[in-house]
Structures are given as C-alpha cells and as structure tokens.
Amino acid sequence: MSEAEAEERASVVDPDDERMIINMGPQHPSTHGVLRVTMELQGETVLRSKPVIGYLHTGMEKTAEDLTYLQGPTNVTRMDYASPLFTELTFSLAVEALLEIEIPDRATWIRMLMCELNRMSSHLLFLATNGMDLGAVGMMIYGWREREEVLRFFEKVTGLRMNHNYIRPGGVAADLPDGWREDVQSILKVLPERLEQFDVLMTGQPIWRERTQGIGVITTEEALALGATGPILRSTGYAWDLRRAMPYLAYDEVDFDIVVGTYGDTFDRYAIRLNEIRESMRIVEQCLELIPEGPYRAEDRKVTPPPRARIDESMEALIHHFKIFTEGFKVPPGEVYTAVESPRGELGCYLVSDGGPKPQRMHIRAPSFVNLQTLPHMMHGGLLADAIAVISSIDPIMGEVDR
Amino acid sequence: MTEPPASLDEETESGEEEMPDDDVERLHGAAVTVTNGQTVLHTDKAEYHDLIEALNDDDYGVCVDLCGADYLGNDTRSLPATVPAERFELVVNLLDVKASRRMRVRVQLPEVAPTVATITDIHPGAEAMEREANDMFGIEFEGHPDPTPILLPDDWQGHPLRKDFSMGRIPVQFKAVDGR
Amino acid sequence: MPDLSDVKHKLGLGDDGLAGLGHNIITAPIEELVKWARRRSLMPATFGLACCAIEMMATGTAHYDMARYGMETFRASPRQADLMIVAGRVSQKMAPVLRQIYDQMMEPKWVISMGVCASSGGMFNNYAIVQGVDQVVPVDIYAPGCPPGPETLLHAILALHEKIRTGELTQRRDETGRGAEIELGHEAAMDAQPEPVIIRTGGLYD
C-alpha cells in the first residue's frame, strides 16, 4: 500500500490495541512464593503493575493473641522463613522491653552471632534464587551448597535447620555446644573463596550486567516515601542501617561497614547483598573473639524456665517450670515498638500487653510487605523479563508479607 | 531506645485552636506520653491528618508502620487524662532518618464508625498498611486510592483481628490412611 | 451355580477391565516397565508455598539431590508435571488456585502433602488456613515435620515410589479430596465446640 494509505491506517488503528493485562502467579516458578502480579503490557513493556498478595495469609497476628510469650517465637519465626532468627529477635526484644529485664552479655553475643550467620544464609538464598531467576541456574546449586554449611551449624546449636525458636524472651534457648568455634571457623574458611566464585560467575560477567544494570531503578526520595528499607534503600546510596543508626544487641561494639550502592538498580542490590555476606563474616569473626562467658539467659526464674536438672531437686523450680509452660509468665501492661535490621530491611514488632500471659496485640512490621510497594514503580517502563529481575531483587518473603 | 525529642514543652505554633489549659505536655496539639523510653502522641481522628503533616515537616518523614488495635474488654491501657478511650486505635510509627529518632502516634477511633483520613498523600508507603488495617479491623480510610482487600479473599465477611471474631478453630481430626 | 468370581479374578479374567490385564503373564512385564518408568522420572510441579518450599528446594540441590531419583526438574507448568508436592500452608485464598493447578495436571498424578501445615493445618488452627490440603485435593503421601527436613521429604518420595511400584496401573481416584469428611462452613467454624471425633477407617480407594 502507499505511504498515505499506511498512515491513514495507522491513525485508524487504536494504539491501545497493543495493551493487554496479564497475570503472573500466584503459582509461578520464580520461587518467591505466592506472589501474584497483574501487569498491563504494551507489547513487551510493562506499564502498570499491581502486586496482589494475601495468598499466604496465615492469621499469625491473631494466633499470637492466643499463645503465651514463650510460645510467641514459634509463631513469629514462621513469618520470615528465610531469616527466622530475626523475627524471633525482634519479638524477644519487645517482650524484654516490656518486662524491663536485662539479659546477660553472653546471651546478647550469642544472639548477634546467630543473627549474622542467619543474615549470611538468607543472602545466600537470595543469591541462589536471584541467579536462577536470571538464568544462572547453576547458582541455585552453589548458593544452597553454601547455605547447607550454615544450616548444619544451626542444626547443631538450635536443633532445627529452619524456624528455630531459639531466641526467646530472656535470652536464648540453649548455650552454644562444645566445638562451636571450630564449626564457625570452618564456615568462615570455606566461604570467602566461594564468594569469589560467585563474583566470577555473576558480578563481572557481561550477560549478568546487561540484565541487571539500569533495571528497576529507584531513587532515595522514592524509597523513603514508600517506606522501603534495607538493601533497597541502601542501593540508592543512602546509608541507613539500623545496626549503625539505632544499635541494638552489641552492634556498637563490633566493627563493620555498611554496604551502599550508587544507582539504585538491580545490580546494586545484588552486589550489596553479596558484600553484606562479607561484612557479616567480619562480625562473626569478631564475635568469636569477643564473646564473653556467662549465663545464656536471664536468671529470673519467673521468666525463663529453670534448668531441667533443678526440677528434680527443688520444688520452686518445678513450680516455676509448670507455671511458665502452662499459663505463661505475665508481662506488665504497656506497649513498645522494637526494630531490628533484617536482611530485608527494618523488621519491627509492636507489642501491647494487658498484664496477662498473652499479648493484647502483636503486630510485626514486615519489611517485605512495605518493600513490595516499590514493585510497580520499579517495573514501570521495563521489559517483562526485567520484571522478573525486579521481583527477585526485592527479595520478598511471602510469609512475612501476608503473615 | 531513642531519646524523647527535646522540644516537648513547646506550644503549637499555629495557634489556630485555643490551648487547652491542663498540664499535659503537648506537641503540635497532641498529648504526649513517654513509655519504655518511646514518645507517643495521642490524638483523635479530627486532628490526625494535620498532626502527621506537622510531624512530616518536623522531619519524621518515613512512615515505618501503621496498624490497628482492638481494645474491646481491655482496662489496662494507659492514656492521658485528656484522651477519651475508644475501642479501636490506629497506631502509626514514624521515623526521622536524619536524627535517628522515632515517634508514635495513637489515634482513638470509635467502635461505630471507625473512619479516619488517609495519610497516603503524605506517606505513599502507608497505602498497603492502611488496606491491611481495613481488612483486619474494618477501619475505613477516607481518600484511600485503592480501598480493596489486600490480605483476605475478596468475598470475606468480617474483620479477623477484632476481639469478637473467633479464632476459627475446628476440632482436631484424626484421619485414617489406607494401609497404616 | 458355583461362585467362580475369585477364580476368574486370579486368572485375570475378571471384570476389572484394564486393571485385570496386569495379572497375567503377558502384560505383567509391560506393566512393570510402565510403573518403573513412572516412578523413576516423576516431575514435580512447583507448588512451594511457605517454609517447606525452602526445604523442598534444599532437597533438590546438591547436598540431598533429588536428581538421583530423576526428579530435579521442577516443571512450572502443571500440564507437564505429574507430582504435586504441596509444600507449605494453604490459605483460604490459595485453596481454589491449588485445586485449579491440580485439575490442570494430567493423569496419572500424585500428591505429596509436605509438612504439617499441608497435612493437617499444622500449628495454625485458625480462620485463615485450610486444615489439611486433603480437604481440597486427594493426597497420596503425608510428610510430617515443621518443616520436614530433606531426609523426610526423600523418605516420602521413596514411599511414593513404592506406592507406584505396588499400586494399580490405572488407578482411578475419587475426584475430590475427602480429608476427614468434616463439612464446615465459615460460620460454623466460628462457633465450633470441641466434640469427640468418631474414628472411621476409610482409604483413598474405596
């Protein structure tokens, strides 16, 4: 046809014809759980998108009102199942703030050691799934191989590979077992060169860079306006880390750097998490040296159960054990909000007590829930393939998104 | 824990409403309490939006958390004398990233019509949190851009986190499986 | 007229239709071959929901390695999968999706309910979680644990292999999951009282 005819035809065809609304999920192979994203595509370009969540809503906040404070960590630990110790930690810190008890130094340092190891295992999970989503399928195997090292240590200390219920109000559930130093040192010996392998596989590789640089860009103002914290905020160049800004546990006594990006894109978020593993290893090394001796939980028998051996000897110990495990210890009325820096951002616990053994209201401020609001913004204008990269780089854990 | 801000005793600078003559400390017109080292402002639904805006100007620029709470049957919560207790509360946690300090705002909402203004015009990040509070408690947010259910199925009846919504337990079942 | 039905059955001449063919000497090797092929190359559909999904992924990776059983390829599309490992808690919103994915799988298909949340609701006996995925789909193997470690999942998979090996070639199952056969609407759940539960026997095939 002639040029004039073609032009006329183009003006008659509705440009909106190219738009379609497609649905991605809730069951899809991108291994981030049950996230559903509805997207409006123009050809291959994503215009608008909306994450639809709620497919894993478990009613955990309602369940928490029915569990005692000692049982609480079993519930909250299953929210962020990639880094469960952090949710246990924030819940325990909230309860201890309401109880106004001090926990021993050794308990604090054990908590810090376990949390940093958990940060490492969570970031390794991120590297594995991020790699696989973007095509480096071998990364899945490598990341999990490393993660197994850390999980083996967790199983030795806490008894479980995941969802440990180890950090409880008053301290930790059990002391570190004999030989733990050798185990941690073997992890620290093996990991650095494997991280170098990841650098070779991904960081310097042109295909990886093409797929991640400039994708899913967000600025500091946008991130702060949407409440995004953690690696997303740090990738924009803003060095906000609760471990430095509002230290908890013993983070003001150890030396570590905050890893910050420049462009706010997917590559920055990947690199930040990779380097945060290295920073966590530094903290773990310092924990190995600086951890003090002492009790591993507060000695207040009304809060922490007595050692099992004592139950045979002492009547009070038996009564305390019984009261704590059946009725639960009572927490004075009050409210508190505590926050820790989880691998995904600010993980907070707002706890209201009515003086009884069960919470009046427990709310967990889940970082992934808030971070997911950046998704439409980051996906806008990108290609569909980039949408996968963006979802993966936010690293959402749907258990804590939906609770 | 964070320190309470230094400027607790200042009068409201706008002065558009008359100053109440009690000796409760006030910040931007809202009563202040300090609990566990954390500063809490108490307000009602009429003043809420302006308070959040004033705090935003005060550099509390990040809305970290917004949630509801149901105090049906609770008689141990502590409120300043000037704040009448209602059944529902909206709790907003704000963060000042420049000075590393937090502020909490508690809004009393009545049982019958728990509606309040949305703060998504000040803090866009509150959008998902307000939808969750709506699902869980039935708190309505006027002016919210997308007031649809977020965590619950679209056809869900009831608001689960209310104290009069039962846990929904069913009796434990024992299932026999062939051959074992 | 003498009752010859069990004699006929033993000779493979009964009314079992196609299932009866497996019992004679000609088709038995073929049947064994088919069952061997099926169990040695199960393809799981990705249905990881929550924490159990992490352990399922761990089972698929190097340390525990499902690939030695031919199962490392998780098919994203249910049309290409024959095993659905329901790994994690199923919420009320997700239950229709679960059923839809199950319906999209083609026969023969099996379901492993991984973890206590999928098997019975787990620690979450509340308004939001379906108390056992067998209320929605028929389940072959239940794997307990919270989460079940990779060894437990591998045991469940091997138990399924055994079930395939010893089971009927052309199994026909009830189309709906029967669970414990408790019908509870949402309103009834809200004022459910503790009641004694009558234990009955009932398998998947009667």
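We call the chains A, B and C, going by the order they appear; numbering starts again at 1 in every chain.
Simple rule for what comes next: a residue touches a chain if its C-beta (ideal position, glycine included) is under 8 Å from a C-beta of that chain, and two chains touch if they have at least 3 such contacts.
Values in this document were obtained by computation on a predicted structure and should not be read as measured data.
> For chain C, which other chain has the most distant CA centre?
Between chain C and every other chain, the largest centroid distance is to B.
> Have a look at B-C versus A-C and report the one with more C-beta pairs in contact.
Looking at contacts between chains, A-C has the larger number.
> Using Cα averages as centroids, what's the distance between chain A and chain B in whole Å?
Their C-alpha centroids are separated by 24 Å.
> Please work out the Cα centroid separation of chain A and chain C, and write it as a whole number of Å.
Here chain A and chain C have centroids separated by 32 Å.
> Between chain B and chain C, tell me the centre distance in angstrom, where each centre is the average of that chain's C-alpha atoms.
So the centre of chain B lies 45 Å away from the centre of chain C.
> Residues of chain C that contact two or more other chains, please.
Residues 92-93, 126-128 of chain C touch two or more partner chains.
> Send over the residues of chain B in touch with two or more other chains.
152-153, 160, 165, 167-168
> What positions in chain A touch 2 or more of the other chains?
Chain A, residues with two or more chain partners: 54, 57, 59, 62-63, 402.
> In the complex, go through chain B and note every residue touching chain A.
Per the stated touch rule, the residues are 1-2, 35-36, 38, 40, 61-65, 67, 69-71, 74, 76-78, 91, 93, 97, 100, 102, 104, 123-129, 132, 136, 149-153, 160-161, 165, 167-168.
> Flag every residue of chain A that touches chain B in the complex, lowest number first.
53-54, 57, 59, 61-63, 66, 97-98, 100, 224-229, 238, 240, 245-246, 333-337, 339, 346, 348, 350, 352, 354-355, 360-361, 363, 365, 369-370, 372-373, 402-403
> Of all residues in chain C, which touch chain B in the complex?
92-93, 120, 125-128, 131-132, 134, 142, 179-180, 182, 184, 186, 189-195, 197, 199-205
> Under the stated contact criterion, what part of chain B meets chain C in this complex?
Chain B reaches chain C through residues 152-153, 156-157, 160, 165-179.
> Show me the residue ranges of chain A that touch chain C in the complex, using the header's touch definition.
Those residues of chain A that touch chain C are 26-29, 31, 33-34, 54-60, 62-63, 74-75, 78, 81-82, 125, 128, 140-141, 144-145, 147-148, 151, 161-163, 398-399, 402.
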